[in-house]
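Have a look at this one before I ask anything.
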């Protein structure tokens, strides 16, 4: 299995919450675990460039995304992340297809048909996103991220609202994308089985600090 | 008069429409700037933009006349490039644009402020450039505010009188519904004035109707 | 305005007080027919017109309802020497709402308690206001009516205030009477001994000596023109000359 | 003049402020109605509300003069309750309110349209009455649009000239900055006019500044 | 254990989707299961009065909320439901406490302290809700619903973003509220264990139709 080097070594302060992480490792998929409010989403946002660490370095697959001492802080649009945020955040004024295709401008990686087929989006394609069910929205968000030809996938509880059968199929598909297109990923989930299935590195957080890391 | 009325009406609508179009680029740029950024001197710039609303139109007309008149800096520039503005249809457009702009800016700005930044951020992670984000995310999500601004700007342009009569006069080639209504009321041609008022009201009705249609489409 | 050509003598821009607009539109038509010179009329308040001229608007003829405004333009060096003439005169009249006709019949009635508000043009902005105030002062009632006087933007607003019953009396020009339907004149301000109301006209230096400008000014004194203005209630002061013909 | 200027300025700000307050209830009610409901005759009502913007102010002044005059329906009513409006400070407030209203309505309406109905629905499941929902959910969530409307309405009130001078005249007790500026420019008192223009601009600056402060607090 | 009569017998059309349910039973907690898009949220919205059936009757604990033939359609504010929607929908302009207290105007049922303590909201009380993590938001939404003195609780995947330990505690607490305050509930979840634990009636949906019902 392919692996890439990860450097998640930074400090980030928001309100009274401080996130401190100092991890350097090789992996294909990292999973972030930990109780509510432990800092998982904060880490994904920092990788995507949507929140800014006070200090440190973020590097994935030899691409430096942030480095305080070098003065590097790539804008989000140059970070080539495929982000499925926890709050889903579909563009409410666009159709499902409009959402899915939004990121394709930078060159398409995963073939559209297979993404749409596997995420069972076809029948929804022309619908307005505010007429979708919770699970349908999440699938669209996953498709949108996959279609944006990312160098790294950031998935924040992407299957929380998806039913168990589909969850299974989608997990398999995401693993396939990772392995065939060699896209590393960072995966956040509360479901222990998912985590074990998908990640070869698990980082356990609590109150903004790393409690343990495991190699699966 | 009937033929004249048609001419004046078409001319007014065309000028107000053109002014609205001209307002759009600077208006939306300023609205965006004020909504999404803070910078030194912002309040001063905002005040300057809002002045045409706060000062009586006659005063704005006077300021424009001084500026664009033969002895003003703008006028001398225009003279050099050989463009005649004062007392031509272009002056009508200038007056309407200046008077409508503050309404567009304020309203569109509120629209942008209502847009959740999260959408702009997600679009950025998908590789969209700032311009693309503006055009495909911020602007459509701010559509209600922007539309309100456009309607207000257009309506104001149509109703503009004080600044128009000052810099464009009320000539066959610059007469708008508003200046014509003024002349009619001044000379006691009440029927004529009433007809023109009803015409202006009808245009307003069409504008309201179209804007409501647009709002439900989007 | 687009098609203005500098050299040609086939086009005139006349800035005229809006109160002259009725008869002047007819006269301009006649002038065009007779001389083939197109006349564009720019109507606004005399003060607006003066302001425009001073800012550099290139009109050829200025017809003012207010001597002060003509003087302003003249002082700015914009009036062709020797062309300034007094063209028309007017008379101040007092109007009341038609349904209250009995209340006022002479100037002293204005100071009685039966007369509430009296509207006059704002002396700071319109000459009719100046004339009205001077008359009231001359008649010795100014001090007693002063608190009842409301000042309006123009004579038209005086008329509107009277017609809608918002004031009990107002000072307007005789020429405005053609416009009224719910107001009635109760007396005219006597002209004798009173400063005469004058509408001056002049060719502007910007006309660059175009003969048509001069011709138009002269045309306003022609018999045919006089009749048009007299029908509208003006007193025509200008004397026609034959050289225009 | 200096003492006068202070008086006129205070009077203008007070009148514009009072007008803005008076606009609020009908303005927000109409904005809400237009944003959340469709009903027969809606476009007509919307047009009527927007007319003060579309028609030249002089015409609105004339219409108000008719309506509130002795022969108008409003005037007869006022006569019965013994209130004098025309040519008093109350007329200033009427003119400012009428002219500012369309701006408030349009802008606040866009604000309400930007509010996700889901929040109103959830508030309703929590037992909130329509009034409570409006005050605690819709209004604060529409704050940007409403604030923009209030600023526009206030600014317009301050700059109002055409309708004011028609129905309030230019008297010691009804003179606003705008009507005073007009008079000064008419009589060529340029210094005086300039001082007053700067005063009005300063008020606009304060209004802009305060509204930006309010926006960041909320 | 207490039970109340439920009547969920209605037809609702939205876009191309038709929901048909014809269930009458006694239960203390009903659980709705089924794949993404099967109509679970639609049913909760219909019970809350936020979507309107074409026809039929909704009745819980002898309170008729909707009856087409009687012309009854109680407005949402009279239905006394405590709704935790799938999209959470915290009021974004209010503090956490403002949200929690919003529904208390109609008389407080669960004591504030215990709700706040058990959902671990205390440290968040003064915070702005858009500065919360996903799990924190869900807990606030649950507290808001509990504090509104509901006659019935409607919970739409209320623990999807909550970590496993807390999930356990909160589930227990919700059961306790149900049993002590005699508040029946309708519970939507993809987690089979949760469903089994909490519900004495399970309705399985697919494509807007009831596939099976089980009594636990």
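Order of writing sets the chain letters: A, B, C, D and E. Residues in each chain are counted from 1.
Throughout what follows, a contact is a pair of C-beta atoms (placed from the backbone, for glycine too) under 8 Å apart; a residue touches a chain by one contact, two chains touch by 3 or more.
Keep in mind that what you see is a predicted model, and the values were worked out from it rather than measured.
Enquirer: Which chains are in contact with both chain B and chain E?
Expert: A, D
Enquirer: Specify the chain pair with the maximum number of C-beta contact pairs.
Expert: Contact tally peaks for the chain pair B-D.
Enquirer: If every chain is reduced to the average of its C-alpha atoms, which one ends up farthest from chain D?
Expert: Taking each chain's C-alpha mean as its centre, the farthest from chain D is A.
Enquirer: Going by C-alpha centroids, which chain is farthest from chain E? Tell me that one.
Expert: C
Enquirer: Just give me the whole-number Å value for how far the CA centre of chain B lies from that of chain D.
Expert: Comparing mean C-alpha positions, chain D is 19 Å from chain B.
Enquirer: So the centre of each chain is just the mean of its C-alpha atoms; given that, what is the distance between chain A and chain B in Å?
Expert: Each chain's C-alpha centroid was found; their separation is 45 Å.
Enquirer: Based only on mean CA positions, could you tell me how far chain C sits from chain D in angstrom?
Expert: 35
Enquirer: Counting only Cα atoms for the centres, state how far chain A is from chain D in Å.
Expert: Between these chains, centre-to-centre, one finds 50 Å.
Enquirer: Quick check on chain C: which residues sit in contact with 2+ other chains?
Expert: 51
Enquirer: When you check chain A against every other chain, which residues touch at least two of them?
Expert: Those would be 87.
Enquirer: Return the residues of chain D touching two or more other chains; collapse runs of consecutive numbers into ranges.
Expert: Residue numbers touching two or more other chains: 62, 182, 185.
Enquirer: What are all the touching pairs of chains?
Expert: Between chains, contact exists in these pairs: A-B, A-E, B-C, B-D, C-D, D-E.
Enquirer: Under the touch definition given earlier, write down the residues of chain D that touch chain B in their complex.
Expert: It is residues 42-44, 46-47, 50-51, 53-59, 62, 102-103, 106-107, 109-111, 113-114, 144-145, 147-148, 151-152, 155-156, 158-162, 178-179, 181-182, 185, 193, 197, 200-201, 203-205, 207-209, 212, 215 of chain D that touch chain B.
Enquirer: For a test of understanding, state which residues of chain C touch chain D in their complex under the given definition.
Expert: 47, 51, 72, 97, 117, 119, 122, 124-125, 150-153, 157, 160-161, 163-167, 182
Enquirer: Using the touch definition from the top, list the residues of chain D that touch chain E in their complex.
Expert: 118-119, 121-129, 132, 136-137, 140-141, 143, 218
Enquirer: Can you check the complex and tell me which residues of chain D touch chain C?
Expert: Within the complex, chain D contacts chain C at residues 61-62, 65-66, 68-72, 75, 86-87, 165-167, 169-171, 182-183, 185-188.
Enquirer: Over in the complex, which chain C residues touch chain B? Could you list them?
Expert: Residues of chain C touching chain B: 1-2, 4, 13, 15, 18-19, 21-22, 40-44, 48, 51-52, 55-58, 154, 156, 159, 176, 178-180.
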